[in-house]
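Got some structures for you, see below.
Shared between the two complexes below is subunit A, which has subunit B as its partner in the first and subunit C in the second.
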Partner chain A sequence: MMNLSRSVALISLFLLPLLSFSFSVDNPTDRRVLVLLDDLSLKSSHSIFFNTLKSRGFDLDFKLADDSKLALQRYGQYLYDGLIIFAPSTERLGGSLDSKSIADFVDSGRDLILSADTSASDLIRSIATECGVDFDEDSSAMVIDHTSFSVSDVDGDHTLIAADDLVKSDVILGKAKIEAPVLFRGVAHSLNPTNNLVFKVLSASPSAYSANPSSKLSSPPQLTGSAISLVSVLQARNNARVVISGSLQLFSDRLIRSGVQKAGSHNQYEKSGNEQFVTELSKWVFHERGHLKAGSLVHHRVGETDEPAIYRIKDDLEFSVEIYEWSGKSWEPYVANDVQVQFYMMSPYVLKTLSADKKGLFHTSFKVPDVYGVFQFKVEYEMLGYTTLSLSKQIPVRPYRHNEYERFIPTAYPYYGACFTTMAGFFVFSFVYLYHK
Partner chain B sequence: MVKSTTKDAQDLFHSLRSAYVATPTNLKIIDLYVCFAVFTALIQVAYMALVGSFPFNSFLSGVLSCIGTAVLAVCLRIQVNKENKEFKDLAPERAFADFVLCNLVLHLVIINFLG
Partner chain C sequence: MGGKSEPAKSESMATTTTSPDLINSSFFSFKSLKLKTKQQELLLRISILGLVYILAFIARLFSVLRYESMIHEFDPYFNYRTTLFLTEKGFYEFWNWFDSESWYPLGRIIGGTLYPGLMVTAALIYWALRFLRFFVHIREVCVLTAPFFASNTTLVAYFFGKEIWDTGAGLVAAVLIAICPGYISRSVAGSYDNEAVAIFALLLTFYLFVKAVNTGSLAWALASAFGYFYMVSAWGGYVFIINLVPLYVLVLLITGRYSMRLYIAYNCMYILGMLLAMQIRFVGFQHVQSGEHMGAMGVFLLMQVFYFLDWVKYQLNDTKLFQTFLRITVTSAIMVGGIALGLGTASGYISPWTGRFYSLLDPTYAKDHIPIIASVSEHQPTAWSSFMFDYHILLFLFPAGLYFCFKRLSDATIFIVMYGLTSLYFAGVMVRLILVATPAVCLISAIAVSATVKNLTSLLRTKQKVSQTGSTKGAGSSKASSKVTLDQSQPFQKNGAIALLVGVFYLLSRYAIHCTWVTSEAYSSPSIVLAARGAHGNRILFDDYREAYYWLRQNTPTDAKIMSWWDYGYQITAMGNRTVIVDNNTWNNTHIATVGRAMSSNEDEAYEIMRSLDVNYVLVVFGGVTGYSSDDINKFLWMVRIGGGVYPVIKEPEYLVNGEFRVDKGASPKMLNCLMYKLCYYRFGELTTEYGKPPGYDRARGVEIGNKDIKLEHLEEAYTTSNWIVRIYRVKPPTNRL
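After this line comes the complex of A and B, so read on.
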C-alpha cells in the first residue's frame, strides 16, 4: 500500500513539469482549446481549419455545445486556454457554461473564436453583445450584396459574398497579402460605437445590406454598407483576443476549396482567400503574433550605470526598455520605430521616440526639464493588433542645491568690478580723510 | 522779465558756489567720495538696463554696496560737521570709527550676496 502511494507520488513529480507546459506569461501560446459544436459533422466539414490548428500544436477538444459535462474550469483552475464556439443555433450551453462563464473566461485573459450563422440563437447574440458586437435583430436576415457577390453563387440570391475589404494590419493578417477575395455567407453585425476596443477585420462593401433573401424588402434595411462588419475582432484590455464572425461557412472546407470570381471583375482565382484568412486570423487570436512583452525600464545619468534615486533639474539622462514579441515558439526582439517615452508629471514635459536596435532594446537620452517635482517615465504603446504596453516608473527631480548654481558669470563681471572698486575707494578715502592737511 | 530770471539764476549759482568753497576740506573730501559712489551705482544701473537683469543678485549686490557706502559717508558728514548743533558732543574720531566698522560689515554682506 505504501509502495503504491510512493510510486504514484514519484510519477506525478515527474509529470509536474509537463503540467506547467500550458498557458503562462513566458509561453503565451495557447495549447488546449475547447471546440463547441452543435453538430459533430462540423468536425469533418471544417476539417481543413481544425487541421491547421492541430498542425501548429494545439490540443483540440471537440464537444457538443449542449453536452452536460462541459466545464471550463475545475477547482478554480481553467482547463482550457482557448475556446472556439461553432454552435450558432444552440439555445443553452450544457454543463456549467453560460454567457457569464464565457465572459469570465475572456476576462481571465483567454481567447475566443465565436461564429454565428443564419440561425443565430439568442445565447450567441448575447455573448457577442458582451464583446461589443451587435448582430442584426432580424433572425432571418443575411448579408446580401448585389455587386460584390461571388459568381459561383448557386442560389442566385447574392448571399455568397466575395469580400476583400480587409483591415490593413500585418500583425493580424500576416505579411503576405491575401490576393483572392474571401467568401462569406451569413449574418451581418455592427460594432457598438461606444466600444473602442473592437474593430472590423473584414467589412462589407458599400453596396451590401442585411435583409431576408427569400422575402421582399418591406422597409429599408437597418444595416447597410460598410457599417456592416463580416468578421470583427476585440482585443480586451487584459490582452485577451476575441474573433466574432457572422458566417460559419467562412471556416468550412467547401468555401476554402472553392474558386472565387467577384461579379463584375475579370480576375478569377482558383482558391479563395478563406484558408489564408482564417489561418492568419487564428494565429493572431491565439497569440502567435503581435504579443509583446516588455522588460523593466532602465534609466541612469549619462556616464553612470546605476539608477539614481533622484535626479536634479537639467541633468542628462539615458533611458532604455526591452520589448520582445512572441513568435509562436520563442521571444524575438521587437523592432519598431514608434515606441515613445514620456517624462510625465500631470502632462508630458518630454516626449521622445525611442530608437530600436535589432536586439529589442529601445533607448533614448534627453535632458531633465527645468521643473522639479515627482515625475514618471511612461511608455504607453497601443498599436492595432499588438498587446498594449503600459509601463511606468516614478522618479523625483530636485532643484539645484545652494552650491550647484553657476559661479563667476561673465555677464556679472561689471558688478563684481564695481564692488571691489567701491571697497578700494573706501580704503583710499579713509587714508585721505585721516591724513589730509 | 527774462533777463531778471536768468540773472537771478546766475546770482543763485554764484552764491551757492562761494558758500561751498568756504566749507572745510574734510567735508569736501566726503562729498567727493559720495559722488564717486553714486556715479558707480549709476553706471551699474545703466549696464543692467542694457544687458538685462540676469544675475539679479549680483546687480543688487553691486548697487547696494555703492549706495550703502554713500549713505554711511553722508552719516559721517552729518556727525563730523561742526555747524551741526545736534552732534556737538560727539568726538569726530568716534564718528569715523563707526563709519569704518559699518563699511566693513557692509562689504562682508555684499561679497556674500555677490554669488
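After this line comes the complex of A and C, so read on.
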C-alpha cells in the first residue's frame, strides 16, 4: 500500500512538468484532445482530419462515447485540453459525463468540437443548446437547397450542399482564401438570438431550407434561408472556443477528397474546400491562432516611472500596455492600430487609440480630465476571431490640495494693495483719532 | 500647701486664662464661618456645580455598562472613521482627504464636505491625553466626548442662567440640563455625533452674545464670535444662530431697545463670526451667498442705517426735517436692499434656500418634494408623546418660566424667550430639533423653579422673622413685605407655601426618576447591537451587524464594492473597510435613486444597474426572523419613492395593493419579484420562525410571505448572519457562454 502510494506520488512528480507544459497561460494551444466516437470506424473514415491534427502535435485519445470508463477529470484536474464529440447518435455518454459536465469543461476554458448529424440525439442537442445553438427540432430534417447543391449529389434530393458563404475572418479561417465550396450534408441549426457570443462560420444560401427530404412538405419549413447556420463557432467569455457543425460528413475523408461543382456554376474544383476549412477551423478552435495576451496596464505621470496611488485632476499621464499574439509556437508582438484605452467613470471621459511600436508595446499619453472620482483604465479589445482582451485597473483622481492652487495671481495685486492700504489707513486713523487732541 | 496650691492655682489660672482664648478662638472661627455667607454660598455653589458636572457625565454611561464601549448608530461611525484618519495622518491630510471608498465611483471630498469641529475636538483631547502619558485608544475618546461636552454644557447653562436671571436659576438650569432626556438622547456615551459638541457650542455662543449685549463689551462680543466659529465648525445647525441672533436684534430695534451695547455686540459678532465661519471649507462663501444667511446681513446693514439716522437726528435738531429724511432714507434703503436681493437671486449669486430650510418653515414641503429628507425618521414631525417623553415636567414649567420672563423683561430675558419660542416651533417640525430646544426649555423652566422656590422660601422666612422681630421687616425685600401685608387676609399662607414647596420638590424628584429611567431604557441602546427579552426574561443580544461587517472585512477582496441602502454606508466603510455605492452623506440624490431603482427592479434589470456600478456584493437588512422592524422591507417604499423621483419608470402604486403595502400572497406581482423582496426572502420559505405558524412566517410584519420559491439567477447567497438580520449576496459575473 505504501509502495503504491509512493509510486503514484513519484509518477505524478514525474508528470508534473508535463502537466504544466500543456495548455497554460503561456502556451495556450491545446495538447491533449479526447475524441468521442459513436463507432470506432469513424477513426478511419475521418482519418485525414485526425491525421492533420496528429501531425500538428496533438495527442488524440480515441474513446467510444459510451465507454463506461470515460472521465474528463481526475482528482479535480482535467485530463484533456480539448474535446471532439463525433457521436451524433449517442443518447448517453459513458462514465459520469453528461451535458452539464461538458458545459463545465468549456467553462473551465477548454475547447470543444461538436458535430451533429441527421437524427442527432437529445444529448447532442442539449450540449448545443448550452452553447447557444438550436438544432432543427424535426429529427429527420436536413438542409435542402435546390439552387446551390453540389452537382455530384447522386441522390438528387439536393441535400449535399455546396456552401461558400464563409465568415470573412483571416483569424478564423486562415490567410489563404478557401476557393472551393465546402460540401455539407446534415442538419440545420439556428443561433440563439439572445446570445451574442456565437456566430456563423458557414451559412446556408438564401434558398436553403430545412425539411425531411423523403417526405413532401406539408407546412412551411421552420428554418429557411440564411437564418440557417451550417457551422457555427462560439467564443465564450473565458475565451474557450466551441465549433458546432451540423454535419459529421463535413469532416469525412469522402467529402474532403471529392471534387465539387456548384449547381449553376461553371467552376469545377478538383477538391472540395472541406480539408482547408476543417484544418483552419481546428487551428482556430485549438488556439493555434488568434490568441492574444496582454501584460498588465502600466501608467504613470509624465516624467516619472512609478505608478502613483492616486492622480490629481489635470495631471499628464502616460499609459502603456503590452499585447502579444500566439503564433502557435511562440509569442509574437501584436500589430494593430485599433487598440483603444478608456479613462472610465460610469462613462468614458477619455477614449484614445493606442499607438503600437511593432514590438508589442501600445502606448499613449493624455491629460486627466477635470473631474474627480474613481476612474478605471479600461482596455476592451474585441475583434472577430481574436480572444477578448478585457483589462481594467482602478485609480482614484483627487481634486487639488489646499496648497496646490495658484497662490499669488498677478491680476489680484490691486486687491492685495487695497487690502493692505485699508489696514494701514485704519491703523493711522485710530492712532490719530485716539491721541490727537 | 501653698506651694502645692500655687501651681494648682496657676494651673487653674492658666486654664481660666486659656479657656476664654479657646472660646474666643472657636467663637471667632465659628463666627468667621457664619459671617462670610458669601463664601459659604460660593462653596455650596461650587460643590453643587461639581456634583452636577459629574452627574451629567455618569448619567450618560449607561450604554457603556449595558453593552460595551462602542460607537452608536450610523453617522457616528463616519465621525469615528474620520477622527481615526485625522489622528493617524494629521490635519493637512484630513483637510485634503479625498475618499475613494464611498460614493463609488464618484468619491467624496471628505475635507470639504464635513464639519470638522467634532473630529478636531476629539483629536485634541486624544493628543492632550497622550501628552499627559495617558495612552488611551482613540475609540474611548470618541465614546466619551459626548458625555464630557454634556458636562461642560451644564457649566455654560449655569452661567447663562446667572446672566439672564440669577445664580439660583443658573444652578437649577445646570441640574435640569444635566439629566434632561431631550439632550441625553444625543449625548450618551458612544453617540459620537456633531450634536454632542454642537449643543455646547450653541449655548456658549448664545451665552457670550447675551453677555456682550448686557455689557456692551467688545471682548465678550469677540468671544461670542469665536463661540460661533466653533459652532460653525461643529454642526450645520449654526444656521439657527445666524438667524436667531439677527431676529433678536430686529425685535430689540422694533421694541425701541436699540442701544450702543447692542450695536457693538452684534456688529462685532457678525463681522468676525462671518470671517471665521468662512474659514470652514464646507461653509465657505455660502456664508455671504446663500439665502439662509441673508437675514443676518440685512440686519447688519439695518443697524448701520439706524446708527446713521441716530447721528443725523443728533446733528439736525429739527424733528420735521428729520422725519422727511427718515422717510427718504428708509424707503431708499429698503429699495436698494430689495433690488440687490432680487438681482442676486436672479443672477444665481445668492443661492435660494435649501430643501432642509424650507422643510423647517413648511413642515409639508419635504413630504411633497424631497423624499430623501422625509424618509429619515428623525426628520418626521414630532409627536406629542415624545415632547412629554423628552421634557417631562419642563413642559409645564416652560410656560410658567415664560410668565416670569415677561414679568421681568430685559434684553437677556427677551433673548431667552425668543430662543425658547422659535426652537420649540422647530422642535415641533422635526423630532431631532427637540435637542436644540432643550437648553432653552431647561433655562426657562429653571427660571420658573428658581423664582417659585425663592418666593416661597422668602415667604416662609419673612413670616418667621415677623413673629420674632418686627425690625427686620424693613430690611426684607419689597416682595416679602407685600406678602406680609397680604398675610392677614390669607391665614394658611405658610402652610400653603410649605405644601407648594413639597409639591415642587416632588415634581423635581419625579423628573429625576423619569430622566434616569428614560436614559437607561430608551436612549442607551447603540442600535448596532440589538437587545431583546427572551422567553425567560433573560436578555438576548443580536450582534448581527458587526458579524456581517467583519465578514465583509475578512472575506471579500479589498476593492470589492458593496451595494446597500444608504443607511448602512457609513457602517460598512467604517467597520467593513469596503467601498460603498451610497452612504449616509446623502449629497447625490441621483446616485441614491439609482440604488433605489436597482432594489425595486426585477433581477435582470437590477443586474444591469449593478454591473454598471461594478457592484460585487449586495447587503440587505432583514428582520423577518427576529421581528426587527426597521429593516429594508419596511424601508422599501422609500426606496421606491426616491428611485421613482429620478427614474419615472419606477411607480409607487405598482408596489401597492389598494394603497396598502403587503408582502404576503396578496402583494402586487412587481413587489414579489423585485430584487429587495427576493434578497430578503431568499430561502426564507423553508424556515419556520415561530411555533404553530407555517414556514416562511415573517415575524416583523406578522404575515406568511407570498413568494416562497425564490430563485436567484445573477446573484448567489454569500453570507447570512446568525439571526438573519444581515444578508449578503455576491453578484455573479456574466454567464460564460451567453
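Everything that follows uses one rule, which is that the second predicted complex is superposed on the first by the 383 of 437 C-alpha atoms of A that agree within 3 Å, B and C clash if a C-alpha of one lies under 4 Å from a C-alpha of the other, contacts with A are read in each partner's own complex, and residues count from 1 in each chain.
The working rule: contacts are C-beta pairs under 8 Å (C-beta built on N, C-alpha and C of every residue); 3 or more make two chains touch, one makes a residue touch a chain.
None of these values were measured; they are calculated from a predicted model.
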Discussion item. Let me test your reading of the model: by the given contact rule, A:302 touches which partner, first (subunit B), second (subunit C), both or neither?
Written reply: neither
Discussion item. Going by the contact rule set out at the top, does A:132 touch subunit B (first), subunit C (second), both, or neither?
Written reply: second
Worksheet item: Which partner, once the models are overlaid, touches more of subunit A's residues, subunit C or subunit B?
Response: C
Item to complete: Pick one for A:424: touches subunit B only (first), subunit C only (second), both, or neither.
Response: neither
Worksheet entry | Contacts of A:384 with subunit B and subunit C, given as first, second, both or neither | neither
Item to complete: Using the touch definition from the top, say if A:217 reaches subunit B (first), subunit C (second), both or neither.
Response: neither
Discussion item. Output check: A:433 vs subunit B and subunit C. Expected answer is one of first, second, both, neither. What do you get?
Written reply: first
Discussion item. If we overlay the two complexes on their shared chain A, which of subunit B and subunit C does A:373 touch? Say first, second, both or neither.
Written reply: second
Practice prompt. Note which residues of subunit A are touching subunit B in the complex, please.
Written response: 405, 407, 409, 411-412, 414-416, 418-419, 421-423, 425-426, 429-430, 432-434, 436
Item to complete: Show which residues of subunit C lie in contact with subunit A when the two form their complex.
Response: 92, 95-96, 98, 100, 104-107, 109, 559, 579, 612-613, 733-738
Fill in: Parts of subunit B lying in touch with subunit A, wherever the complex brings them together
25-26, 29-30, 33, 36-37, 40-41, 43-44, 47, 51, 54-55, 58-59, 61-63, 65-66, 69, 73, 96, 100, 103, 107, 110-111, 114-115
Discussion item. If we count contacts the way the header does, which residues on subunit A are in touch with subunit C in the complex?
Written reply: 103, 106-107, 130-132, 194-195, 197, 234, 236-238, 240, 242, 310, 345-346, 372-376, 394, 396-399, 401-402
